[in-house]
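Below are two complexes that have chain A in common, paired first with chain B and then with chain C.
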Partner chain A sequence: MTGLTEQWSDALAAAPQEPAPAWLRELRENAVGQFRAAGLPHRKVEAWKYTPMTVFDGLRLTAAEPVPAPVADLPPPLCESSVVVDIRDGALGEVPADLPQGLTVLPLATALERFEERLKPLFEAVELRGATRAFAALNTALATQGLVVHVARDAAGGSAAGRLLLRWGLSAGAAATMGQFRLFVLLDDGARLELVEQYLGSGEAPGDGAAGLNVLCQAELGAGARLSHTRVQAETEQAVLLTSTMLEQARDSRFVYRGFDLGAGLARHELTTRLTGPGAEADIAGAWLLDGRRHVDNHVSVEHLAPGCASEQFFRGVLGGRSRGVFNGRALIQAGADGSSVRQSNANLLLSPLAEMDTKPELEIYADEVEASHGATVGQLDEAAVFYLRSRGLTDGAARRMLTAAFCRAVTDRVADPILAERIGGLLDAAMPSGEQL
Partner chain B sequence: MDKAMLKVRNLHASVEGKQILNGLDLEVNAGEVHAIMGPNGSGKSTLASVIAGREGYEVTDGQVLYRGRDLLELEPEERACEGIFLAFQYPVEIPGVNNTYFLRAALNAQRKYRGEPELDSMQFLKLIRGKLEILHISDDLMHRAVNEGFSGGEKKRNEIFQMAVLEPALAILDETDSGLDIDALKLVAEGVNRQRSPDRAMIVVTHYQRLLEYIVPDRVHVLSGGRIAASGDADLALKLEEEGYSWLAEGGIQALEGAETGSGGAGAAAGA
Partner chain C sequence: MNSDQITVDTSSVDRFVQQKYKHGFVTDIESETVPPGLNEETVRWISARKGEPEWLTEWRLQAYRNWLTMQAPDWAHLKIEPIDFQAISYFSAPKSDKDRPQSLDEVDPKLLETYDKLGVPLHERARLAGVAVDAVFDSVSVGTTFREELKKAGVIFCSFSEAVRDYPELVRQHLGTVVPPRDNFFAALNSAVFSDGSFVYIPRGVRCPMELSTYFRINAAETGQFERTLIIAEDKSYVSYLEGCTAPMRDENQLHAAVVELVALEDAEIKYSTVQNWYPGDEEGKGGIYNFVTKRGMCRGDRSKISWTQVETGSAITWKYPSCVLRGERSVGEFYSVALTNNFQQADTGTKMIHIGRDTRSKIISKGISAGRGQNAYRGLVRVAKTAKNARNFTQCDSMLIGKRCGAHTFPYIEVGNPTAKVEHEATTSRIGEDQLFYCLQRGISEEDAVSMIVDGFCKQVFRELPMEFAVEAKALLEVSLEGAVG
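So, the complex of A and B:
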């Protein structure tokens, strides 16, 4: 056992058992055992090969206590929203009681009773064995803080303009904790929800210490359900952010994901969706803009398990300074999932000779009549285009920024709401790497 | 003040270690239109690139003065802001950058440089409206990404349109006529002629005499072997059309009656 695994195992053993149903207490004990047995992932674990594990040193494990919300100093909401929930350092703030018809938002502890039948199998479905699952095990063992979102059959989670905004805040500094949070999104047949998550810092000046967060999200989309999920992450360099989203999509459901990673010292996002019913669709797009010594991992996996499903993974990355990006895009078309369409593309721009990008598309096709395309590139700005713009009067810096912004626009253009798209575009402009080395 | 807009003296330039320009001399005054002709590969675009400041073109000897200043010291964007414009032989496609947005950004960069207020989009649209019409540039082209998917003619008209908006003091048009049908050629020529003015100079690089029927130059130069081999008035272009360029290879400048030879040119001794 390495030092950190040992330290965290001890912390897990010492953590007080929260009141919970017997099956969950048992599951948590099992998770503690699994973590102790397998330990944290290391460089030899393929899926974690590039993730710098040293950033976790000095982070303590805690079970966060709820803090009263609203927290005044969180950055303003990224978009108008009928429901805003704040989650600060992994602790859930106040959950609004007055919700649109059909929408239920409850703290995990409260929801466990009401949605036990649906939550129990979801809890049990999470693989906890092995080093690659260390953070899932940690989350299961410790995440007493959580949120359950439910949209009733054929309802929209809010009115026309309604969406649910999760506003995360991570305060750097003395605490140096690794918070754990659990999120469930349950969409009944025909239900619709627009979920926006913002990770835009705590609103306070960044401290010296690191601050960590480990979020595990499970979503269930019933037949014909629609989930639009936008995630914008521009944390400070002190932030260590692990997020894992696991979806199950029933027949004719549609999942639209738009993710932007502009910050954090380390951000690792795992997104897995299983298309279990015919005609299900996953439209997954994202971008990262990294500078300094930031590191962003995106691991996307789409499993086509039924015929006639369609999926797309579309990612663009811009890397400056000494930043490092990792993209692992997997698509599996299982035998019998005939007539599937799968597209995958990841293009990257390196603005600095010290930046690095590892991109790996993995297509596994075992079905017939599959329409598939994939491509991954790592390149530089087109110098002929830079000169063209400069010859018209734009400075070298302005020309490069204009071309880089245009490169990213391929993703922001896919954000359906024009106001949100523009705000995200503004954040991208502000995060534009300089290309200068640090 | 010296009325010379551009003075090129004994210019030697190389690309990737290959010597292309070998002692080129050229003087262009405000108000004048000069044509530069010459066979493929003679260095016409190289000269244009050196003036515009493209990277990779190494000046090994000689100087370029623009309004009395050493041009070669300036960054490409400074040259643009000082009034130099190059209409590219091969305009670059820039995916994702909107044509209108790009041109307004360029104009505002130049205005800012000159200490003038920037234009908002309404003011800009007002400014370009008339110029769009002259060059038959559709709204569609302005809404698309710069040059992306444009036809050859659309790209060339877009270049001249940019020139009309940026109003340079010295414009270099690098084979703006190539690939154009006669109607497009007339449009481009009209766009150019409207911009002839006493305080603007133009260098029109062309491979064919045809363009010069519509843009009548004050001076015509023949570029060969990296230097000006002959200079003359507009009639020189006609003679070139009849005789072709083969005489250059033979060094027989005297074949072209009435042509002055370039300084130190191949046929200097044989000048008529």
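So, the complex of A and C:
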């Protein structure tokens, strides 16, 4: 057992039991046991071979209730006309009471009673065994903070724009704790929700110490339900952010994901969706623009378990400084899932001699009537294109920035709302790594 | 096109899928075999039995001690029952080895008969085809032809044991420099107990006058085979090496863990071709060879080139990643592969291209075909080190699925640490083209011929890299393994 595993195991053992239903208390005890047994993942664990575990050193686990911070501290909302919920350092802020028809947003503790029948199987469905599941086990054991979002049958969740905004903030230095947060998104048949998450720092000047957050999100999409999920992450380099999103998609449901990683010392996002009903679709796209010593891991897994489902994974990365990007895309087509279509693509620009990109697009196919393709590239800007722009009077730097921005536009263009797309584009421009003259 | 409009008679399919292994027979030769089990004594015994110098005995023992601390890899996409390494016999030599034949005329006729059944009349066909054959029958080399002709060119082509005896300094200088004894679990095991294999040395400036070829054959029941091959190409030299194998039918799973090391110095080129057709197990997935191979080539010199071509149709389990370490500036690595799995065969195979030197280039073309309940995985690594300025890689891996219960998987690892590198990977997976089949059928071509044509076309990029005779053999093999496997 490594020092950190030991330290965290002790913290788990010392954590007081929060009041909860008996089944949940049992589950939490089990999670503690599983974590102690398997410990934290390390480089020899295939799914974690590229993730630097040293960033967790110095982060403490705490079971103490986090104190919600004043809302004013957080950066302004990324999009208007939204129902906004703030979560700072893993502590849930005030949940708006005045919600549109069909939308329910409740703190986990309150929701456990009302949605017990639906939450219990979801809690139980999370695999906790083994080192790869260490953070899921930690989350189950410690996440007393959480949020449950429910959209009733055929209703559009959120405000007039059909939108719910989660505004996260991590304040560096202050606590140096590894916060835990649980999120549930339940969409009944035909329900629609546009979920936007922003991780744009706490609004404070970055401190010295690290701040960690481990978020586990489970979403259930009923038949014909639509979930649009946009996530913009530009935390400070002190932030250690682990997020895991697990979806179950019923017949004809549609999941659209747009993820942008511009920050954090370490950001690791695991996104898994299971297409359990025929005709379900997952349209997943993302981009990362990294500079400094940032490290971003994106692990996407789409499981085709029913016939006639379609999925796409489309990711683009730009890496400068000493940054490191990791992409692990997986598409599984189970036997019997005929008529499936899978597309996977990951293109990257390496701008600096010290940056590194590790990409692994995987296909696992057990059915024959399918169409599957994937592609991955790592390269640099087309020098002929740079020359063309320079011949038109642009400076070398401007030409390169323009081409890099155009490279990322392929993802921002896929954000449906043009205003949101424009704002994200602006953030991307601001975060553009300074490429060196090669 | 609507698939409902096409009805395909599947009876011929079933018949061909059920086809028995054509090379299934056992030659009755008495073998000298050590009892099953592995300990330091076994390692010493093997080394002493082969009359090896002390440094090699120590080298083996060190590898064995390393092996004890290692664990069998579990990351491959393979379902394998745990292997009991103490239940395997680690050495087997044909009995007639005691008075080693001086020429092929003296070779045990039963042995020659075996080659005959395989369609490899050692002395005749080899001469006609201009191929020198160093045949490995189980663990000991029994005959080498064309040695004289090669000697004139200065080429050394002999069994590994002979090389240890006659050229110890060459062996000692290069052994384990490409695949270190503690490289991985199976390489460590091989280093401890390797039985025999081939040794090739091409001197500076020499273009090897013929294609060198070795036929391997696993024969004695429950005996693992652990060959060790070492090929050294000095500056400005060229060699093409062919390796092919078939094995008799057997019930017990047999372990096979070979190590192949290639060293290419300045401006040297090594072309290594393999046709692997070991016993794949029966229709129920019973028996078959477990094939865990470590093959690696080191492009040590500038402008050197190593090219791997493989056609893998046999074995119950294939775990094999022929790799190139591109250290020399402007060195080139190539990998061309056709892997076929039928019935319950499982393959996890691919390559590693490690770019270290400037302006290094690599190309990967992989074709996977899955039929029956076969599971076929491509696993490849392309790593561009910080030092590999202007490195270039192109990877294409396509999979074809024939049938409802098979699987085709792709696990490409791409690690790029230099901003001037260009790395491209593309892959597709699809079933055998129904429109193509239909087209052929309505032109009066029988179904199995049509499948054979389509598969042949699918694999063409790889086959054309094979030396002529090998390409013919490979094509025939694929047909035998697959004929009519469509439904």
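Quick notes on this structure:
By our rule, the second predicted complex is superposed on the first by the 426 of 438 C-alpha atoms of A that agree within 3 Å, B and C clash if a C-alpha of one lies under 4 Å from a C-alpha of the other, contacts with A are read in each partner's own complex, and residues count from 1 in each chain.
Definition applied: a residue touches a chain if its C-beta (ideal position, glycine included) is under 8 Å from a C-beta of that chain, and two chains touch if they have at least 3 such contacts.
No experiment lies behind these values; they were computed from the predicted model shown.
In the three-chain model built by superposing on chain A, chain B and chain C fit together without any clash.
When both complexes are overlaid on chain A, the residue A:355 reaches chain C alone and has no touch with chain B. When the two complexes are overlaid on their common chain A, residue A:426 makes contact with neither chain B nor chain C. Using the contact criterion defined above for the overlaid structures, shared-chain residue A:366 touches chain C, although it does not reach chain B. Using the contact criterion defined above for the overlaid structures, shared-chain residue A:335 touches chain C, although it does not reach chain B.
By the touch criterion defined above, A:58 reaches neither chain B nor chain C. In the superposition on chain A, A:376 contacts chain C only, with no contact to chain B. Set against each other, chain B and chain C touch different numbers of residues in chain A, with C touching more.
Within the superposed three-chain model, A:406 lies in touch with chain B and out of touch with chain C [touch as defined at top]. In this overlay, which is a superposition and not a single complex, chain B and chain C have their closest Cα atoms 15 Å apart. Once both structures are placed on chain A, no chain A residue is touched by chain B and, in the other complex, by chain C. Residues of chain A touching chain B in their complex: 382-385, 387-396, 398-399, 402-403, 405-407, 409-410.
Every residue of chain B that touches chain A in the complex is listed here, in rising order: 52-55, 75-77, 79-81, 85-86, 88, 91-97, 102-103, 105-107, 109-110, 113, 145-146, 162, 166.
Only residues 46, 335, 348, 350-380, 436, 438 of chain A touch chain C when the two sit together in their complex. Within the complex, the chain C residues that touch chain A are 75, 77, 384, 386, 399, 401-431.
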